[in-house]
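Okay, structure first, notes after.
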Amino acid sequence: MTHQEISELLKQRFPDAILEIKTTNVIDPFVKVSQPMWKEIALFLRNDPAMQFDFLMCLSGVDYGKGALGVVYNIYSMTQKHKVNVKIDVPADSPEIPSVADVWPTANWHEREAYDLIGIRFSGHPDPRRILMPYDWEGHPLRKDYQVPEFYHGMKVKY
Amino acid sequence: MEQFLRNIFDNDFFVYGIIGIIPLVWIIPYALFVIYLERKVSAHMQDRLGPMRTGGWHGWSQTIADMLKLLQKEDIVPAAADKKLHKIAPFVIFIGSYAAYAVIPFSSQYVGSNISLGLLYVIAISSLAVVGILMAGWASNNKWSLLGAMRAVAQIVSYEIPTILSILVVVMIAGSLNLQDINEMQSGWFWNWFIFKNFPFVFIAFIIYFIASLAETNRTPFDIPEAESELVAGYITEYSGMKFAMFMLSEFVNMFAVSAIAATIFFGGWNSPFGEFLSGPLWGVFWFLSKGMVFVFVQMWLRWTLPRLRVDQLMYVSWKVLTPWAFGCIIGVGLWMVL
Amino acid sequence: MTEILANPLLTSTGRQLRREEVIVNVGPQHPATHGVLRLEAVLDGEIVVDVIPHIGYLHRCFEKHAESMTNYQQVVPYVDRMDYCAAMNMDFGYVLAVEKLLGITVPERVEYIRVIMAELQRIASHLIAAGTYGLDIGAWTPFLYMFRERERILDLFEMTCGARLLYNYMWVGGVSHDLPPGFVDKAKDFCSYFRPKVKEYNDLLSFNDIFVRRTANVGVLPAKTAIAYGCSGPVLRGSGVNFDIRRDDPYSVYNRFEWEPQIGRGERGTTGDCWDRYMVRIREMEQSINIVEQALNQIPGGNVSSAIPKRIRPNPGDVYVRTESARGELGFYIVSDGSGSPYRVKGRSPCFSNLSVIPEISRGCMVADLIAIAGSLDIVLGEVDR
Amino acid sequence: MKKYFTDIAKAVWTVLIGMKITLGHLFVPAVTIQYPDVKLKLPERARNRLFVNMDDCIGCLQCEMACPVNCITIETMKSLPTDDLGTTSTGMKKKLWVTRFDIDIAKCCYCGLCVYPCPTECIKMTEVYEFSEFERNNLLYNYVTLTQPEIDVIKTKIASSEKEQATKKAAEAQAKQTPAPPAPPRPGKDDKKGGAQKT
């Protein structure tokens, strides 16, 4: 299926949750979904026999600046050989997105990374620890307004 | 030899002292040489050159330099270690491997102590190393050390059984546990060696002995107690400087000890392979040492060829392969002798 | 002692240890962790009850660095350092992503050069993977034999771009240098030299009975789990999934060559065990040689720098491009805000996902198997931690 | 039972094959070389230590901007119209005093990105790869050919000429009856450390 067909199917199935479908004038087409329904959409994407999105290629958190964060899911189907790109925007003051770690286990570590570096919380995540930064690090380095701390445990951070 | 010394000194203390020291005179240059050899063999098997700088010709004095370095190194004892045991352990291991040399006949004229239970003594005394290893592993207070020590004990204890059984095959033929007696029975041309007796039973017994001895000395493919990629260095993890050198030394000493036993009981020991040609007490030393060194070389060769086994596979090899086959050899030889 | 009994130890995920269990930290400094990985292993004797990987010891904030660069080209040296064993593959993925973002096509000759380099790099990387895997299992010698061949590949790279490990060779829109004179002949020589060597590795290591017994039926990764955990590359193919991005989602000129993706079939044990993963790599090297030979024969002439843009200033937008690096699916998600420097670069590194499967497949194995499993996943920590 | 025996036979056989290979390699010449005594010839394109030919440098800052790790630090000052700085070997006229050209080779990642944008090809990577030092400071290479007194002279000269210009401008402005602030000082030129780094 093309991205257009996939997104239209999604729109039929979840009319309220699909905020935006963009297939023209962009390099990679994408579907923007609202965050409360994301878990159901993810399950549908994985389980629906026409979809069968079983392979989460990439999960990237993005800080769009001006108080907006987002997560981009690039999902692929090994059997159907089609892709879909899903975007979710969340406000920076309460960045919370349902975790899909039990839909695609690979999301477990990717979500931990997005939490660690961008600061997006994934509700229902089985192991919400930091992953790349030290466990007691403060702040989320990939935020655009991130200030590097002067000291970490008495060690100078800035080079 | 003993008589000769007694004529000179007329004092038991000197006589036994000198007799006891003689293997040490061999061991020290041997260890220096064999470490160098191990490096060179491994290097050339791997298309490398190995140490080439120290001392000029092909880095011949590299091990001497290394020994001097190890002597100067700081002796680190971990704060949480059991200090007494930590200090004693390397010496216990070394004593265990060195004491085996007491009964190994280097020549028709020299054997440290020509006791009639020589073989039994070797088997018994080499088990002392297990105590040292367990001491080292426990005293280091390190999980890797302890894991390594437990593996080592399990391994050495289980591999003693096939070792003893395969030696028993020879003992059945020889009817003696005295190593000098066993040597004398094999004199003459090389077809008199026990390895060619009762074919194929003694030959299989030799293979079993050799494999089991690899495990006894913790050499690859049975080096799991100090498996570098798994247990860092096993029970040697927390040792440094001269104590570490003692572990290394006893490993190489052990290597030669098991090779010497193999040479003695299967390959005629100090006997020349060509009957009376090139035989005599001093030629005996030459033949004995060169036979031993051949096995040492084979041990190195295997080390640089094979991966290592896993613990359960190690036990499988010992209990399900080597031990039954060794029993088979005993039965075979027994039947052969009866018929 | 009573204190310990009163307060049972916890793992870092909060699980209580039973009395007979002990935590052993495999790493961060350990001979077999291929870098600075820490595996918190809960052991019951020799049996591994649970493994909790801790990563991030090599975290250099590649993504933050990329954002602070002044142009897209400057990111390439950083990308090199993600997977230092397969830097060409990393460059390839990144420049493809930027080129897609810019909407430019590169000359044919550049495509061929890139494919040749990427495949040679794949061989070099698999040589390290297989060699260090032998080392993990305890075989020293194959490791050095494999490095001998790798040196010859690095010589080819050095001849082409001047560096042996971190090349900065592929640029957005082209490559930094054209092939040097004599490269094609030398590369062909290497191909014919390399083919018989694979047999030597197989005789010495792959089919050695001890090696087979150490790796077959160990760490079995079923195809379903592999896909769910996002495993890719030789790890996924070792589980019997016939999927290779070079063939199934082709990029560059890969669709012009004849080759076969190699999959694990469980010849020596179960499909998806460590031996399959190892063997997929060995066989992939032969396939890569095929591709290199075809590419060397077909390579067209032309200018390699004609498409290099003077200024790289893509329109606002984002792109996700995936390529098959030596270790699996390497994806780059790049967001551009229209300025000259990237707004967000996310590297989806294959090892990151491949490593996340390790707790799943190593429960109940032995300590020695844990090392074998970690080695068979072929992780490069530079890429996991970025 | 049959498997038991075939397993043993296979184990022994594969071990013997492996032993044959390693024994064979014992008699093959080594592929390694004795490094400091024997050196491999580097290819033409080898990228190693950076070298700057200051005679050709025009102070365009292209290399500084291209560097992804900021290991190059350049400071320049605009020359006065009366100064003659000469031309580069490519015939380009130099217009800037280069008062500081430091390369922290310890930071350098040998990517070669600084080499390509240079308009006069004065910065290049050489074949020297043995330059380890015991002191990290020694890895800070200073390529400036001007000595510190010379730089001071230039600085005062430029400062006085700027002052002149400023007063002139002020006078002009006063003449025009529109009060204007004096031109702000050029950033960076007052850096005391500039060019004072030891080589």
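By letter and in written order, the chains are A, B, C and D; residue numbering begins at 1 in each of them.
Here is the rule we go by: a contact is a pair of C-beta atoms (placed from the backbone, for glycine too) under 8 Å apart; a residue touches a chain by one contact, two chains touch by 3 or more.
Quantities reported herein were computed from a predicted structural model and do not represent experimental measurements.
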{"item": "Centre-most chain [mean C-alpha coordinates]", "value": "C"}
{"item": "Label of the chain whose CA centroid is most distant from the centroid of chain A", "value": "B"}
{"item": "Rounded Å distance between chain C and chain D, as computed from the means of their C-alpha atoms", "value": "31"}
{"item": "Centre distance in Å when chain A and chain D are each reduced to the mean of their C-alpha atoms", "value": "41"}
{"item": "Distance from chain B to chain A - Cα centre to Cα centre, in angstrom", "value": "62"}
{"item": "Mean-CA-position distance for chain C and chain B (Å)", "value": "43"}
{"item": "Multi-partner residues of chain B (at least 2 other chains)", "value": "45-48, 304-306"}
{"item": "Multi-partner residues of chain A (at least 2 other chains)", "value": "none"}
{"item": "Chain C: positions in contact with at least two other chains", "value": "141, 145, 148, 204-205, 208, 210"}
{"item": "Chain contact graph, described as a line, ring, star, complete graph or other shape", "value": "other"}
{"item": "Which pairs of chains touch, using the document's own definition", "value": "A-C, B-C, B-D, C-D"}
{"item": "Complex interface listing, chain B residues touching chain D", "value": "41, 43-49, 52, 301-302, 304-306, 321"}
{"item": "Complex contacts: residues of chain A adjacent to chain C", "value": "26-28, 54-58, 60, 62-63, 72, 74, 78, 81, 85, 104-106, 108-110, 113, 117, 127, 129-134, 141-142"}
{"item": "Residues of chain D touching chain C in the complex", "value": "7, 10-11, 13-15, 17-18, 21-22, 25, 31, 42-47, 65-69, 109-113, 116, 125"}
{"item": "Touching residues on chain C, where the partner in the complex is chain D", "value": "69-70, 73-78, 80-81, 141, 145, 148, 151, 158-163, 166, 168, 176-177, 180, 200, 203-205, 207-210"}
{"item": "In the complex, chain C residues that touch chain A", "value": "12-13, 55-56, 59, 61, 63-64, 67, 100-101, 103, 225, 227-230, 241, 243, 248-249, 317-320, 322, 329, 331, 333, 335, 344, 346, 348, 352-353, 356, 360, 385-386"}
